[in-house]
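Both complexes below contain subunit A, partnered by subunit B and then by subunit C.
Right, the complex of A and B next:
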């Protein structure tokens, strides 16, 4: 049964109650600003989706809705545990619930790590397959032009007239073994082959064009959200440190409550973006 | 509600105790202060400096336009100079302006509070503002941005100037604005003295509240807009650049969704100051308190609905244009209500032409001109002719400078004795006010004419036979008169700090709570928190010897 640290309110407030309710109003106002920050992205989503409906449908089908759903469950669970932590602090009379608060906060942060882990898996798959924004998109005309340019330079432009380009490349490379031209040919062939594989893997996406617009929005929204997950984790970590010292009890649990509020917002933003990106 | 009292019960001590300026010594005690008054003063001095920088840019622009062809700089430099003028004036001077420099100081005092709700957040606001300012000025070392302060794409996403650093600085400055707004909203809700209900608040407080609401809600949209622009430049994500698959008009929608409400962040505090000046210097209760209070909120709300009036010729649909035009006409109504109410307050008031009033009275005329010319621009047909001409430039300078800046200077003069315990030289203050008024009109009145005759804005040059030169010349001379007026102000204000006459507690005979504190106030503002029993504009009848008492309150 660890002790609690009795909290004194700041001098410019009359009492602790005024301080606590001021802090809560302040946090709610801050959450409003966060919502408005994301609103711009949701508007961009709406505009680009409306202007490119076919591309959007094909591109969004590449997202793994199973992983997305797992992430949703993970975040909702973490919202639940942080709410339990707030409740524990609210009813913490003399420190008997300190361990509970700590445990719940730790579990919340672990969930957040889980979320980031799954996002890492998703992101790395996309990066590998060139499902990216702008000219990094595997089938962006400039990207394709750059690959073809490298092939032309290494093998001569005539290579594209040949019926079996891959075979011709292999032959040319075998012949160039040990020469200066080998490295450039090898690199160009790898790029070109990889691109062909991707086109084969994503035929509809390659066909419909402008897929980079979808992935631009995808990475912007989930990226900004991911940054906020990290911010939320940092806030909760700071609260956790305070909880370990026994700072939070029924007469002072403001940081836990405000941290919880922020975490709920992070969860809420995901709950909006998940169906909009993954399910629609 | 206007009873005078023989003995207020609240002991207003005229004995001078250690004030907030001398409460602690050393640079660090200022840099790390959480005292809202010190933070306000630091903002005030910084904002004077940024105003001077923006003003210098303006003088350079006007100098270049004195003659056709190159006068003092080439076209590339000209683009950078007018861009810097806009960016510095908007983001470093006028948006922080009154809320940061005057609001920070005065608001808690007006509420009978010891400080704002979040003093440390207040300090953070200030330091973030400084960091943003340094970042913005850094771009000048890199050649400067040449996109205009509006950053329209695709030029801004492709030009080879330090756009990223400048937009990052605006992003950072946005946080300062948001935190200040957040702080004020909570302070006004939670920190009012006993008896100080919403309908007893000085109208300056209502204005700060409405401003803060806009700051909190609009600024994040600018944040995401700038972030997306940076992403487009750095990572090539196509949102706004057609070459990357984006839509440049989308940028304009995003940008103006913040920047239109932003102009109300600029004017509302000025209107708040006006309510204080008009009442104090006509010694009369405001006419239509509730109308002015509610109109502030109405402006804040409607301001979010009119952004498209910056885009009538952008290619947006005519239908959208009609809706935005109608709403723009609507947003003029609350502003007009204020002008009418202030004017009516003057009627049969006991008017004194002390220097603060010499800033307030011109506001009535100049803001009206600015507002009415805004109506010309809000009408679709005329806007097609006037868009991107000097008519627009003149319009917004009339409201921003003839309006906000005048009110800002009026407020500085009004609260100067309270902030520093010193009086400035009244004669030179009047000279300065007159010079600025004259200089301002000489500078900007010709711009309406030349704009309606077709002189485009942001243009480096005009031909000798265009007929514009005479207007440009008059305008440039006006800028020199303005400069003179401002220099005089700088001199007598600085001089007052060193050797000014000591100011009393309530030199203007005003009735709001800040005048109950000593001049300058003690660190914790009030010895005892007063309990308020009446409104803020209850001036006693002539003959009653309570001129310097200030608001009647009961002891706590």
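Right, the complex of A and C next:
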């Protein structure tokens, strides 16, 4: 008659209640370790920002605060719907709220996909413009030396003494058409031109130096957070499968509650991360 | 009767506090408003207080999520204590690096002669490092010529690198031209 699967507590617990509260305490202990994991990166953030205030200001202005704000709203909404899913499971008497639980969880997972989609847009823009960590940063001295090295190798070191390097490169490439040197020259010119465009596009960032430190921290924190979003999604998907079978009702909803706690933690981290990286 | 009583007390022990729907919706609304507030307030520059204001708003938001969405307010106290101790250790984690990086400028090389000499050494090393960095940047002097790179502060006073133009007497090939510093071929 009822649409739920009755849960039986494990034999080493006194009752289902004790099992549920033990599971929740374990989850909170785990969440503490998660917070400590992230706080390592936030301490690194604090130290590097304090030691490089000017660079930090210029570099952090490259982040798109509109996309960051939208992602904040997406995460807060998903946090709300997952809290409502837990409530629906708490008040689910005989499976009459199964559909509601499923719907709320599906909506939450859709929000998680939306978050990752926006993150993808942000990341691909930064990868294209070389706003990256370490020597991958477009204006890192080593990166520049590498481009210059490739140019001198392909065109000869004398190219740097020509007033209009771009024109000289084009002439040399036109002359080299069909020869073995062509591919290397073409690649070197493309890299060189791309770098020049970036220096033109981000004059302040190119001048201030050490911008790679900001983007290193940015990618570490948002990357670790993104991994947590993916894990949270997977957990909620697993909970969703259980909810579709009608496993969760007023006396047993531990997976919904703990999955929800994990998802709220992902939201909590973002609540701090967003103003620290995008706004301050 | 006794069975009824035991049922009542059992329900009480459960402690399954079901938060009213209106609380969840209200908290959600509050979080949306606070998000708008934190974005709006970031337009104004309060100097060093910027971070504190942003963190203050973020902490209100985080507390709303933790106490209501995560049920810490009505849950067993042990969960709150567990999480609270975690945050205590997080604050210790922040405290010591902050003590370090915020007190570094208090070293006075003039008053303290013993450490003054050391400090001078550090300053010199730092300057050398900066110079090295500036030299590396000047490797792309070709960009500066085309106006892509701003001159570094040291070179601002110096005359801009003359654009090499073959007006009279083309310089012999391979002659280093003043103001250029090409990267040696590796």
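The rule we apply is simple: the second predicted complex is superposed on the first by the 278 of 280 C-alpha atoms of A that agree within 3 Å, B and C clash if a C-alpha of one lies under 4 Å from a C-alpha of the other, contacts with A are read in each partner's own complex, and residues count from 1 in each chain.
One rule holds for everything that comes next: contacts are C-beta pairs under 8 Å (C-beta built on N, C-alpha and C of every residue); 3 or more make two chains touch, one makes a residue touch a chain.
All values reported here derive from a predicted model rather than from experimental measurement.
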{"item": "Combined model on subunit A where subunit B meets subunit C, clash or fit", "value": "fit"}
{"item": "Which of subunit B and subunit C A:17 touches, first, second, both or neither", "value": "second"}
{"item": "Touching partner for A:109 - first (subunit B), second (subunit C), both, neither", "value": "neither"}
{"item": "Partner chain(s) touched by A:216 [first = subunit B, second = subunit C, both, neither]", "value": "first"}
{"item": "Subunit B versus subunit C as contact partner of A:47, first or second or both or neither", "value": "both"}
{"item": "Partner chain(s) touched by A:205 [first = subunit B, second = subunit C, both, neither]", "value": "neither"}
{"item": "Vertex subunit A; arms to subunit B and subunit C (CA centroids, nearest 10 degrees)", "value": "80"}
{"item": "First (subunit B), second (subunit C), both or neither touched by A:161", "value": "second"}
{"item": "Contacts of A:29 with subunit B and subunit C, given as first, second, both or neither", "value": "both"}
{"item": "Which superposed partner A:279 touches (first subunit B, second subunit C, both, neither)", "value": "second"}
{"item": "Which superposed partner A:134 touches (first subunit B, second subunit C, both, neither)", "value": "first"}
{"item": "If touched residues of subunit A are counted for subunit B and for subunit C, the larger one", "value": "C"}
{"item": "Minimal inter-chain CA distance - subunit C and subunit B, angstrom", "value": "6"}
{"item": "Intersection of subunit A interface sets (partners subunit B, subunit C)", "value": "21, 25, 29, 32, 36, 39-40, 43, 47, 51"}
{"item": "Contact footprint of subunit B on subunit A as seen in their complex", "value": "10-13, 18, 21-22, 25-26, 29-30, 32-34, 36-41, 43-44, 47-48, 51, 133-136, 210, 212-213, 216, 219-220, 224"}
{"item": "Contacting residues of subunit B [partner subunit A, same complex]", "value": "113-119, 121, 178, 182-183, 185-186, 189-191, 216-221, 223-225, 227-228, 231, 235-239, 244-245, 247, 250, 254, 524"}
{"item": "Subunit A-facing residues of subunit C, complex", "value": "13-14, 16, 18-19, 21, 24-25, 27-28, 31-32, 35, 38-39, 42, 50-51, 54-55, 57-58, 61-62, 65-66, 68-70, 75-76, 78-79, 82-83, 85-87, 89-90, 93-94, 97-98, 101-102, 133, 136-137, 139-143, 145-146, 148-150, 152, 163-165, 173-174, 176-177, 180, 182-186"}
{"item": "Subunit C partner contacts - residues on subunit A that touch it in the complex", "value": "17, 21, 24-25, 28-29, 31-32, 35-36, 39-40, 42-43, 46-47, 50-51, 65, 69, 72-73, 76-77, 79-80, 82-84, 87, 90-91, 141, 144-145, 148-149, 152-153, 157-158, 160-165, 196, 199-200, 203, 206-207, 209, 250, 260-261, 264, 267-268, 271-272, 274-276, 279-280"}
